[in-house]
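Can you read through this structure? Questions will come right after.
To keep things simple, chains are lettered A, B and C as they appear, and every chain counts its residues starting from 1.
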Amino acid sequence: MGVYWAIAVRSFRRFSTYRIATVSGIFTNSVFGFILCGVYLTLWHERPGLGGYDVSDALTFVWLQQGLLMPVGIFGASTTSELGERVRSGAIAVDLYRPTQLLLWWLSVDLGRATFQLLARGGAPLLVGALVFDLKFPSSVALWPLVVLGLLLGIMVSFAIRYLVALSGFWITDSRGMEQLALVLSLFFAGTILPLVAFPGWLGVIARATPWAATMQVPIDIWLGRNPGGTGAALLFQFGWLLVLLLAGQLATTLATRKVVIQGG
Amino acid sequence: MAVIELADVSRAFTVTSRSGWRRTRREVRAVDGMTFSVEPGEVMGYIGPNGAGKSTTIKMLTGILVPSGGTIRVAGVDPSRHRLKLARRIGVVFGQRTTLWWDLPLKDSFAVLQKMYDVPLARHRENLATFVELLDLRDLLDVPVRQLSLGQRMRGDIAAALLHDPEIVYLDEPTIGLDVISKARLREFLAQVNAERRTTIILTTHDLDDIEALCTRVMVIDHGHQIFDGTLDGLKSSQSAPRTLVVDLAATLPPIQVTGATVIKTDGPRQHLTFPTNTSAAPLLAEIAANYPLVDLSVSEPTIESVITQLYNTA
Amino acid sequence: MIRAPAQYWLLIVMWIRSVLAYPASFVLMLVSSTLVNLTDFVAVLIMFSHITAFGGFSLGEMALLYATSSTALGMADLLTGSIERVGERIRTGAFDAYLIRPVPAFLQAAADGFALRRLGRPLQAGTVLVFALSKVDIDWTVARGIMLAVSLVTGTVIFAALFVLGASFQFVAIDSAELANSVTYGGQALTQFPLTVFGKEIVRAVTFVVPLAFVNYYPVLYVLGKPAPLGLPSWIGLLSPLVAAVMVALSSLAWRAGLRRYRSTGS
């Protein structure tokens, strides 16, 4: 266990060195936050209570989302794209011969990254937004651990998806196209273009059942207290997807190892 | 008339260092009061330890970097003010990085350079034919650059830097990472280009065999100062780097006692001694032969490495 | 300077050929790039499943705003987007290689790594434009037709100038690439909506400070025959070529200043 802790700490430190990038990222998130607030204010003005959100829910959604895009790794998670690059270049063979679990190794790296970005970038847009708008915060202290748990599960589900995409390079020659496709799906189904609650009819039903919903929409709804089936069901939903995806990830790792070790790559 | 002239050239950088929350700024002189000139057709080796100011000098000579003091003239112009104009008259090769188009066949890079440098087509074809012949590039022309080996790519890069008939060529570590045969072939090619085209070559390298094989002149710099400028032989004799005497004795003995020399290593019956360059080996030999059971001996001259190391240490 | 377009073309042709060396990969990237951008417009469509007008704009009018904004950003990104990697190239030393070539560093920085897959956005925006023009009932005049065509060019120029301004700032702060995104990609996100929904201060800011409103908003108001906000004349969209020229001048000054700084500090 010690080695994975050390890996996570090292990854945390590495990301903490990009100071100017962090500051300019927060600035960009804030600009997008204001733009989306303008859009959502108009939308919820035209249709009050859209998707069960009131105006304050919608605005809080914007600032939470802007803070979480990077930590959750909707885009810009350089850890798993580095893994994908290693698979493509063949450098992954070195990792497979290490006496550590590939999946746990990269999970540690990704959690180190996510923790830094959550601490450095996660709260900043929320703070900016709270200065201008009336935002919602969890109503009782008892909710905070659930929020944290939901976030952790969200980050891990996101990791598990990105891990599978990166490993697809073992079987698909052009895994960069796969990464792009995964980006489209996650932009669409994680709730970055609109809260999933605003998706109409069957599209909404499908969107809210995908693993991408578990990465960002669900944690935000835990914060807002807006999960249709309650917070417990939401956490169970996340946990279910995490279990399935991690098992798939482990299976993919085993198959990939066999492929590399037996066929020599 | 000199093709490169530097007069009292300096380049200072402001370095910001951070310790905790405090930031301190201090000025570092990467190049300090450099004055020298290079004649057309010279091949100058430009050497110094990492951080000595080599690449800063080259950047100023190519016009990338503006000097903070002094004047520079390259091919009759001020490089920093006429950078684009000068670019047509110089060639540059960065050892570790290729400037060729990675995914395209080698010949495509050559074709685009002909247009970029406005080389008359007839002249381009002539040059290309020569370089293909001399650098053995024929089989490589249709190969994408990313598939070339390091040595093959370096040959491509050197041809690319010479296609527009530059008057001056700067080569930064041209033989780094190459095998012995590739190195020899490259040196031979450069010597030939220099002899036939009177191209001035400035070479920065850590490989002193490059210097030995190619350079008519050596300049050593350290901490932004010139510490030597002259021929390779001049460099060797300028320093009293110790020579080495190896003696084989009839038996394994404790370190022998000789006036004016000291034992630095014993290896069974073989003992290694050093003595200063300016003293003769003859009296030492006589003394050893008189006092010890001498079987065989050899005297070796100081290597350039040891000469230069000593130069850095004394400067 | 007359040679600049030829030199730029020379360089991008090399990159286009590099990309076409792997045709399957290129097609895949182009399709996915188109899809990524399409999600923006799908959001608008989803919004209009709940509403009939957004800030006084119908779906067709919104589509026109979206298409013009996205075309302008897409073309600017295609032509000059590579320049945003200037900080990274300074760090790796690749930027020095530009400075030893007899082609202006600006052209090399804009052309290096030219990514043809970025055509995905203009392609997608073009499709939305066709959809918009079929849906909106415009009282066409020659002036309105010319305004629409001109705005696509001037919008591209304004966004390109913003890319260059952002890149110039990287000479000062090497890691600040993401900062420029807030005005380029952020600007696209903003200008795809009727600007009045963001309040008067924002409209003032994007008219007089960062003139994003001239990319497409004022020209589209002119084409649709809608009044301009802030009591501005309805023909204000006609000024967009002038604004584009000013932005080009500013960005060119900034680039020169940045390059001068780089060449006198070496960092």
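Here is the rule we use: a residue touches a chain if its C-beta (ideal position, glycine included) is under 8 Å from a C-beta of that chain, and two chains touch if they have at least 3 such contacts.
All figures in this text were calculated on a predicted structure; none of them were measured in a lab.
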item	value
Pair of chains ranked first by number of touching C-beta pairs	A-C
Longest centre-to-centre distance from subunit A, chain (CA-based)	B
Chain occupying the middle, per Cα centroid	C
Separation of subunit A from subunit C, taking each centre as the mean of its C-alpha atoms, in whole Å	28
Subunit B and subunit C, separation of their C-alpha mean positions in angstrom	47
Chain centre separation (subunit A, subunit B; CA means) in Å	51
Where subunit B touches two or more other chains, by residue	none
Residues on subunit B engaged by subunit C in the complex (per definition of touch)	11, 13-14, 56, 59, 62-66, 68, 80, 83-85, 87-88, 90, 92, 94, 97, 99, 101-104, 108, 112, 115-117, 144
Complex contact set, residues of subunit C against subunit A	24-25, 28-29, 32-33, 35-36, 39-40, 42-43, 46-47, 49-51, 53-55, 173-179, 181-183, 186, 189-190, 193, 197-199, 202
Contact set on subunit A toward subunit C in their complex	18-21, 24-25, 27-28, 31-32, 34-36, 38-39, 41-43, 46-47, 50, 174, 176-177, 180-181, 183-184, 187-188, 193-194, 198-200, 203
List of subunit C residues in touch with subunit B within their complex	7, 10-11, 14, 17-19, 21-22, 93-94, 96-97, 99-104, 263-267
